[in-house]
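Chain naming follows the written order as A, B and C, and within any one chain the residues start at number 1.
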Amino acid sequence: MRRYFLRKILHSLSIIFGVALIIFTLFHVIGGDPVYEILGKYANAERAQDLRNEYGLNKPLWTQFILYLKQIVTFDYGRSYATRQSISEILSNGIGPSLSLTLPAFVITTVLAVSISLFSAFFRGKLTDRLILLLSVLGMSVPVLAYILFGQYFLAYKLGLFPISGYAHSLGERISYLVLPVLIWIVINLGYDVRYFRVFISKELNQDYVRTARAKGLSEVSVFTKHILRNSLVPILTNVVIQIPFLILGSLLIENFFSIPGLGSVIVDAINSRDFPVIKAMTTLVSMLFIIGHLITDLLYAVVDPRIKIQ
Amino acid sequence: MSILEVKNLSTSFFTDEGEVKAVDDVSFAVEKGETLGIVGESGCGKSVACLSVLRLIPSPPGKILSGEILYSGKDLLKFNSKEMQKVRGNEISMVFQDPMTSLNPVFTIGEQIGESIALHQKLSKKEVRARTIEMLDLVGIASSEKRIADYPHQLSGGMRQRVMIAMALSCNPAVLIADEPTTALDVTVQAQILELLKELQKKVGLAIILITHDLGVVAEVADNVVVMYAGRVVEEAPVKEIFTNPQHPYTRGLLNSIPKFTPGVSPRGEKKRLEAIPGIVPNLSDLPPGCRFHDRCSFLVEKCRNSEPALRACKGDTKHKFRCLRDL
Amino acid sequence: MKDIVYDYRTINYLVRDKWAVLSGVVIIAYVILGLISNFKFADYALTATVSNSYLPPSFDSIELIFGTDLFGRSVLLKTLCGAYTAIKVGLIAVFISIPIGVVLGLVAGYFGGLVDDVVVWFYSTIASIPNIILLIAFTYVLGRGISSVYIALGLTTWIGLARLVRAEVMREKETEYVLGARALGARSSRIIFRHVLPNLRHLVTVTFSVQFIHAVKAEVILSFLGLGAYGTPSWGVMINDSKQELVRGIWWQLAAASGAMFLLVLAFNVFSDSFEHVWDPKVK
């Protein structure tokens, strides 16, 4: 077990290095000189040079890469071009709102998806199952933007059920602002999840151990909720846990539309204002989180699937 | 009265290619303390027949069309699902061919056996655990107290099958159906498992239905034998009769095809070849008219092509029945 | 190999499946309409003022069926040309990513060892960067315009296919070694590929659908964010424009673009479902 852990950790470290390399190449090598992006094409040459010095862009690539690695380890990504705020501050301010949106949405979506797929599998072939499949496929095909725009338009604007946009820091008020965004997130993602989970569960339905469970006299419901669910959890969990690191990102589009000051908005604003360090920092941060999240999944695997423990 | 009697059972599967008559008007019975061997090649319907007894046939494609399944005189086909659940694992248990895939890989063997026990008997957790260990001991698994926390993949094939048997017998069923329990195991383990079954039968008075394609196994353990072919019973008799006086050409073919250690010598002085039954099993969704075996039969006469014979008793022995026009 | 691209049975099955046929027809309709629109109306759609601005849909003339936008341009024409853009993006992205995926998968699976390690490391790193962020980063860095979108998509979406292909090849390799590879000697490569190739066809087709949809959706989002289509009609740009329109009760541009995209994505989803079903009937 220890060797398994060690192997996974080392692997993750090498990936982190690789990601840093790719992001660095993308932004510093292919990207060209960002300074004129900020100051405009006809900027003062002196201003440009000052800016370069400040961001260390005048140093050789090699040095810049080391500096970048240092940034990753210390979580200090310097300052935003656009707002001059310390990026770490921007990031820490943004995490809260993003998670307020994504965490509840994610939990609800996952629980709903597992329940619905199990339910659907139980009634396999019948009308219920087909209806659920139909709805999932339809749901998956509607463009995300349509959901957001129509949702905002009908439920908030026309029917006035929810505030159109906005955010509050106090917990109580926050909830009223978050209901619609969370709802929209759920609608967007439910179709995908149900489709995938349904397939995983289908694969278990024909397994021999299911036949054995029935032969022991278990009711169909128990067969599903105990045996099939437990076995389906392995692929389902993989799918689910992979989504967790991304939750920090919030939702680029939803936050933008609902004026939620989370990390998604940060990125969209950064794109609009060509804020190079922020985009770079966000890309790096989320990738690192993803790798770590993936590592945790692999380690958790050993707990959920006893076959791996022995390896 | 037999503890389990199957009468005129017909089970078909409705597929895109038509109706597959997997089991067609099949009857057999097993007595307390006795072993019935059901023999036949793959696809002859032996497994489907037994799955039908426990009503485990997957219902979209499959359907039990007609017949009676009398357990202690009560017709199981008339039971509702709750009543069937009480029968399965409790009165009639089944053990399957591949213990690796038949056991749930993510639960310990203790949990799986315990599940059976807890399902049918009102016992405390401690009592369930004690009974589980008792069962593991009964089937000959050493260090049962430690083993109870093992997962299926940690056990060898033979041990897994023992676990399956322990699980099946944990609630003292009256009938055990074993579907090719030793096919996936090597020969020495096979012998042990069969020994175990015989012992348990003696101890508890268990009725066993043993499904197999291996005549050697049948000779070892069965008291009575039913031979199936293409969904039909083609011969039934006490075990000795089957081996000493096989009446149906198919049974004869099966017996002849058993390799012998000392091969005979042909008239030309060469060693005799292994005998096989020529031809292949018919397509169950497109059965030929007449006897289902006629296109492979070396005793074929014209009438065999047109009419399917009924089961008839052997001269002088009503317990021995076979389905052939000819008297061999 | 006497099979053509697909074996008789697959095509036979697909033709009998009414959903597969329906979705196939829809897709072809889109392609044809898109091509025609592009070659007839491309510039026209974005420059010509058909009527007054913000005219709601009406049957006065064909061009006004979906109404007009802020500049009086025909929403119908924009939608049709947007179809061309979407399909173009989908096809080019897929034609870049599928070859890369297949080649790298084959190479990694067949050679194993260091080569495999490098390829796996490579795609693991790319996969670790959230897709949308990577696309944004790429398009940001490559500059505006639709060609950045193709390249970005092509270079980032090959990973799934590479993984699948690699797994297939490795699986076949195992069997060969079990059968005594030494005896087979130099022929083992041919045998491995002969087993892998048929599965490859299926993998590629399913992946094609999935990635096509992904590309279309991504283009819409990128264009919406201002990183994609620029100067070419695009559903994403239309949706972006419609952001402010909705409050003023102007819904037709959003409806047209979303509706058009919905239908195309749905058609692909249904088609790839049917296709998967042919291949693996256990998936029900």
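Operating definition for what follows: contacts are C-beta pairs under 8 Å (C-beta built on N, C-alpha and C of every residue); 3 or more make two chains touch, one makes a residue touch a chain.
All figures in this text were calculated on a predicted structure; none of them were measured in a lab.
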Dominant chain pairing [most C-beta pairs in contact]: A-C
Most distant chain from chain C by Cα centroid: B
Chain B-chain C separation of Cα centroids, rounded to whole Å: 52
Chain centre separation in whole Å, for chain C relative to chain A (CA means): 22
Multi-partner residues of chain A (at least 2 other chains): 125
Chain B residues within the chain A interface of the complex: 54, 56, 60, 81-82, 84-90, 93-94, 96, 98, 101-107, 115-116, 119-120, 151, 153-154, 164, 167
Sites on chain A touched by chain C in the complex: 14-15, 18-19, 21-23, 26-27, 30-32, 124-125, 137-138, 140-146, 149-150, 152-153, 157, 199, 202-203, 206, 246, 249, 252-253, 267-268, 271-272, 279, 282-283, 286-287, 290-291, 294
Residue numbers on chain A that touch chain B, as the complex places them: 125, 207-209, 211-220, 227, 230-231, 234, 305-307, 310
Interface residues, chain C side, partner chain A - complex: 121-122, 124-126, 128-130, 132-134, 136-138, 140-142, 217, 220-221, 224-227, 235, 239, 242-243, 246-247, 251, 254, 258, 261-262, 265-266, 269-270, 273, 282-284
